[in-house]
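Attaching a single structure in structure tokens format; questions to follow.
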Amino acid sequence: MSRIGVFVCHCGENISATVDCAGVAEAMSRVPGVVHSVDYKYMCSDPGQTMIKDAIKEKKLDGVVVSACSPHMHEPTFRRACAEAGLNPYLCEMANIREHCSWVHEKSEATTLKAIDLVHKMVEKVKKNQPLYSIKVPVTKTALVLGGGIAGIQAALDIANAGHKVVMVERSPSIGGHMSQLSETFPTLDCSQCILTPRMVEVAQHPNITLYTYSELESMDGFIGNFKVRIRKKARCVDEKLCTGCGLCTTKCPTKKIPSEFNEGLGMRSAIYVPFPQAVPNKPVIDKTQCTFFLKGKCKVCEKVCPTKAIRYDQEDEIIEVDIGAIVLATGFNVLGAEHFPEYGYGRYRDVIQGLQFERIASASGPTSGAIRRPSDGTEPETIVFIACAGSRDEAKGIPYCSKICCMYTAKHAMLYKHKVHHGKAYVFYMDIRAGGKMYEEFVRRAIEEDDVKYIRGRVSRIYEEDGKLIVKGADTLLGHQAIEIRADMVVLASAAVANDGAEELAQKLHVSYDPYHFFAEAHPKLRPVETNTAGIFLAGACQAPRDIPETVSQASGAASKVAALFSQSELTREPVIAVVNRIAPPLYSTCTGCALCVPACPYQAIEMEEIKNRDGVVVKRAAKINPGLCQGCGTCVALCRVKAIDLQGFSNEQVFAELMAL
Amino acid sequence: MAEFEPKIIAFVCNWCTYTGADLTGTSRIKHATNVRIIRLPCTGRIDFMLLMKAFARGADGVIVSGCHPNDCHYTSGNFHARRRWILFRSLLNFMGVDARRIIFSWVSAAEGAKWAEVVNTAVKEIRALGPYDEYKNLAPIRASWRTEHAG
Amino acid sequence: MSATTHHHDADSLAHKLNNATGVSPTRCYQCGKCTAGCPMAEEMDYTPSHILRLLQLGLEGSEDRVLRAYSPWVCLTCEVCYARCPQEVDIPKMMDFLRSESARLKKVNPRAADFLSFHKTMLDSIRYVGRLYEVGMIMGYKLRSWHFLEDVLMAPSLFFKGKLKLFPHLIKNRKNISQIFKKSGNARTEAAK
Amino acid sequence: MIKIAYYPGCSLLGTAREYDESLRAIVKKMGIELVDVPDWNCCGASSAHSLDHDLSVALPGRILMQAESLGLEDLVVPCAACYSRLMMARHELMEDAALKARVCEMTGMEFRGTVRPINIIEFLQKYSDTFTDKITAPFDKDVACYYGCLLVRPPKVTNFDRPEDPRSMDEIMSLLGSKPVEWDFKVECCGAAHSITRAGLVGKLSSKIIGNAVHRGAQAIIVACPLCHSNLDMRRNFINKAAGRKYDIPVLYITEAVGLAMGIGEKELGLHRHTVKVRYPEKVKVEAEPRPKAAAATKPTPAAQTEQTEEA
Amino acid sequence: MQDKIIQKAKELLSGGAVQVVIGYGQGTGDRVRAIFIQKPEDAGRLIMDGRCVQNLAGYLMKHEVRALGRAAIVARMPVLRSIAQLMYEEQFKDSDVAVIGISDANELVDLPDLNALKEYVRANPLKLTPEEQAEVDRLDAMTREERWAFWMEETSKCIKCYACRASCPMCYCARCTVEVNQPQWISVPSHDLGNLEWHIMRAMHLAGRCVNCGECTRACPVGIPLRLLNQRIIADIADNFGEEEDYALAAFKPDDKEDFIR
């Protein structure tokens, strides 16, 4: 027989004004199994809590129902009180007679009767409650940072500086990301590489950071605190230990006319190359798809000239396995490809370029050493048109969202142009100027007022070439919706920021959800912006949504602090509200039939099939097993299981059934 | 003769509808007293057998409510639940069970007013349908403790 | 589409447009790409985005301006606006609706009278012949619009090239065609009520 | 013998007679039989849709229903305007059940949707095997392929080629031995709808098209639409007036070009009916720089002037 | 047909590929029953004719049969479907079973392994026959009250013998929920409530898994048209979710129908 205590709260007059609290307490005292039933003005107050604690001790209660407000309000309070009195906190339940009763009904007998029902059903539930214990999971204090752009760099440095190990994986041969391609940054116009390069070097030299460039995530298993990842380190064909980064091979390589990725196709690189002079690591890599030796079987010039004999044509991809406790996703973004702008002739007219290409042109380290020149003939453009929202906010192109960064970088581009070509004319076609941010609006105003950039409110419909000029057909919606034409020498498209190639595939590998545009989804848009719905995996930067540098850096630090918090303890504690597959005596071992239909239904991939062995080690059956680290306790599997072999702790079949039967 | 007061049992998820019903309370939106809420973590946890048992327990109506699509705290529990309901509802209807007595809704944590409306509409509709004697007569139902002991 | 129009004023022209064609002016966010690409923009009194703006506002008088506009008549239905519209607003369909609506309400812009006669003449030709009878149609149009000298200069040369037929190609089941016209006309009067 | 349903449309009986003649001439050689849609009517372009939406679906609807009686799937529609109206009607009849019911009531016939209109380019693409092997006199000219509005737009309805930069006609012309020039006005509107009402405007729009084609070194403009042809050919005087210069570039239907390549006589193809005599200007050396093929240019090719290695 | 099956059975047994062939043989009177051939020379006892409709797949799950070694099974379409579903439910491995497949057109189908079987089943998705659909529609056309009366009358005959469960190849659970008593989900007595609950549960537990073999109806000693319930769900799944999922209830589409949800 249970020994249950019922504590009916008046909540001042919040409950007692419409519910006969004393009557409820009296009624409950007559319920079989209830040995103590009282009402009190403020149960959550110190004296109220003491009352509960004393009753637990004096009456040896094995279950407590506090009938008061919503469990969302005070369940932790009362469970803590119970625990302090030595009662397992999960033997305490709350009956919600305030939000769900006294506040929504008039004072009447019906209201009190409803309150009695609500308390009684919780009494019946508590009778079936089992003591539960928070789940402890060990934590491997090494973080994996995927992506070596500014987001990854910031997160890695923050975690490493907090004293934890970091493994950084970058897909391309050097870290640095898109930020390393930028000329200057808004709204301060400080040189991007000047602020980034020291950070890149710091990553490379940090004792807590292991850097794998030219590498990709192969697979991930496990759960928070206990991930196992496999990293594919692609063959560079260069022995990194021997290579000194002298660069002789890249100068001597006969295959030199390969469009440089770093320069967005506006400059050339060789087949063995370092993406850019400040690359980290500053070690070359052979592009097997372009190298004469790999294509035709002869050449080997690099091997001949290498003073340290570091070239390894037969190097193979390497798989590295690492134990990881937390993962920061910082894989960044991409810009929309040329095939999306046939009406602008992007990809057809060489002087129609996109924003990142303009960054390279404007960059002092770029193909024109920072001089603004048209790609077609190298002349200085007298008239330049910038088109904001090229692809963004364009449902027809499948991108209804705002890319967020374009307004600002377009203003920056126009400004940089005007600073370098004083007599030139710069036009910006825009729909709205979105300059929310510290000093952002001021920056745009500067472009307009001080640098005389002409802003035209309207979109461009078409660009075509006529006599060496690009005819930009746009509209000025502020001038009575007029169509206007500008004869330009160069056009820069602020092409939409889109999710990186392979983002979907990566998300699936990591069991992270993603939005319709393949940006990774945060756990909660407001309150958990750097977490994913998979515990232990965090987000930083533009892989989640288009972001500028300040936001990316703050988010990266946010993700890093989440990781540091996780790593601050050697074990992590979780609420025990999780699903469990029963294990019973032989010959059944478990009522689970092993049909495995729950496996695909779990939103967290927490269920796997396990072989059950008898004492002799012989496999007697296969049954589902729920990983307590991954399970979040939704109970979808519980409802799906035909044989009721899965149950949800805290909301077990018996508990819910008892509640229902009390009504 | 007093108006028939239907007995309605609601199965709701913890994160959206339960919290939404909390908001109904904090907003002091008055509504009918007939509904008893059973809290579950997620609509995905709501076994069809629970709905079946609610009628066996003498309910005249059942409300099932959770997060709107794409708002599920557990990402997809409500999507799984929705599929289950599509089939279950059709099966019940096919067997001649009065499926109008099961009311499904999405009520978010912000929809306190909607919850009150769902409750009031359900009460009105079930009241119009009358007591579910057809089902109650299948087998004798033990009166609840409360009706026996507390009026 | 209907979901987006729940809270709209049922009497507004925008609403009628939406009801009749499914085109919703509220979808337009006024980027002006339609106007920018329209080959007729210069000829128009209100460019496409301007018309959409007038429909969006629905202020007193603005709907009348739309119905009395010259633009729908000068629209070529070249579909460039729709093909490039980021919000996929079917502007040509809207222009079709505005033409028939302004003809119905007798609000056709005076400058567009000749367009209306052209369309009417052409439909007459189809109605009675079943096919387009170019000579009859051109002559009919030129008579209706008092433009009869304009193209007459061209006619003899076309005639000698065998391109103009003096007699129409009649189709057999002309009754079927006139029935289509009649029923469609009835339906339109019904709808107008 | 391959049989295909054929809807000539009104223009091909009158102003665009040579289009019909050349098509019939080439299919004869291609071994294809065109079966006319029985008792076909006008599709109503471009007036029906301007005044009466239901009518604008019912007229082409009747054509489709008449064509269904032939039991053939493909319906070749050479006129781009007719093609557009038929596609539009088919699209709406498939999407809108209420409209379909009304239209069936109006026509007193049933719409099953079994017939699929194809334009002349699709037709030539599909049956290219039947003429490529019969080319005796390659049409070795530099040509500007002009698609106009209605073959490619609205993309949702026609679902044909790339709406902004179509290539299918260029590909057919290459098969005939021509060199298609890269030009900028492939899909610009010539103003056909106003050919009669605002001939002056048409001259203005069309002169830009002709001007660009000539500027890019074309010796002939190839069209697949009787309205485009009548504007660019019959209305040449208006064009010249608008341009302030005399253009003598001929405008050919693609069927005529196919016929010429197959060695069919000019008279049989109706070339004598053109307003602008079919005489090709000299091949011009275009001063414009060679441009990379759009298809291959997902990454813009870097300019020679900016060429450098990392070390430079 | 019969000869081909016998031939195939002989080959399989004599080649050692399987140790037992499950098929149909002569039973008492005019009836056929399942037989288990273990020697090639006994293969001649196999029968294949119009009487052979029983879904034999259930035998594959029996310990006694599994103890005989690798089995080959004479499998018409419902059996093939059962095997595919059981395989999805991880009850078989390829090495456990060989099939002698027979198509709906009464042709031998060559299914060298269970993957081929899976492909074959996928290519022939489960659909109700027009007659079956008509029967479902007939009930649908009734008023709710009429349907209730119909099923009340039918289920009132139920004696809770669970022959429907025993005959169903998909009802292989180690402990059926009807036997769970903590809590007591299904009322034990075979009164109207207990009967109704049992049949609702049975149908729901077969949702997305039932292969429409009709074994339940054939097995029912009191003649309840049980398969109608399963067929209603089969039609619902096809109508609402399409056919691409292996198990409709463990999957979802974000835009699944929700016109009934407020």
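Letters A, B, C, D and E mark the chains as written, and numbering starts fresh at 1 in each.
Here, a residue touches a chain if its C-beta (ideal position, glycine included) is under 8 Å from a C-beta of that chain, and two chains touch if they have at least 3 such contacts.
Just so we're clear, the structure is a prediction, and the values are computed from it rather than from any experiment.
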Path length in steps (a step moves to a chain that is touched) from chain B to chain D: 2
Shared chain contacts [chain A and chain B, defined touch]: E
Of A-C and B-E, pair with higher C-beta contact tally: B-E
Centroid comparison with chain B (C-alpha atoms), farthest chain: D
Chain occupying the most central position, where position means C-alpha average: A
Chain A and chain D, separation of their C-alpha mean positions in angstrom: 50
Rounded Å distance between chain B and chain C, as computed from the means of their C-alpha atoms: 54
Inter-chain centre distance, chain D versus chain E - centres from mean C-alpha coordinates, in Å: 59
Separation of mean Cα positions, chain E and chain A [Å, integer]: 45
Touching two or more other chains - residue numbers and ranges from chain A: 343, 601, 640, 653, 657, 661
In chain B, residues with contacts to at least two other chains: 48, 53, 76, 80, 84
Junction residues of chain E, two or more chains touched: 177, 185, 249-251
Pairs of chains satisfying the touch condition: A-B, A-C, A-D, A-E, B-E, C-D
Chain C to chain A touching residues, read off their complex: 29-38, 41-42, 46-47, 49-50, 53, 80, 84-88
Footprint of chain D on chain C - complex, ascending: 20-21, 39-40, 43, 74, 76-80, 82-83, 90, 92, 96-97, 99-100, 103, 114-115, 118-120, 122-123, 125-126, 130-132, 134, 138, 141, 145, 150-151, 154, 157-158, 161-165, 169, 171-173, 176-177, 179-181, 183-185, 187-188
Footprint of chain C on chain D - complex, ascending: 10-11, 13-17, 39-42, 44, 46-56, 58-59, 62, 102, 105-108, 149-150, 152-155, 163-164, 187-189, 191-194, 196-199, 201, 205, 234, 272-273, 275
Chain A partner contacts - residues on chain B that touch it in the complex: 5, 7, 9, 18-19, 21-26, 28-31, 33, 36-42, 44-48, 50, 53-54, 57, 59, 73-77, 80-81, 84, 116, 144-146, 149-151
Interface residues, chain D side, partner chain A - complex: 162-165, 182, 184-185, 212, 215, 288-289, 291-292, 294, 297-303, 305-311
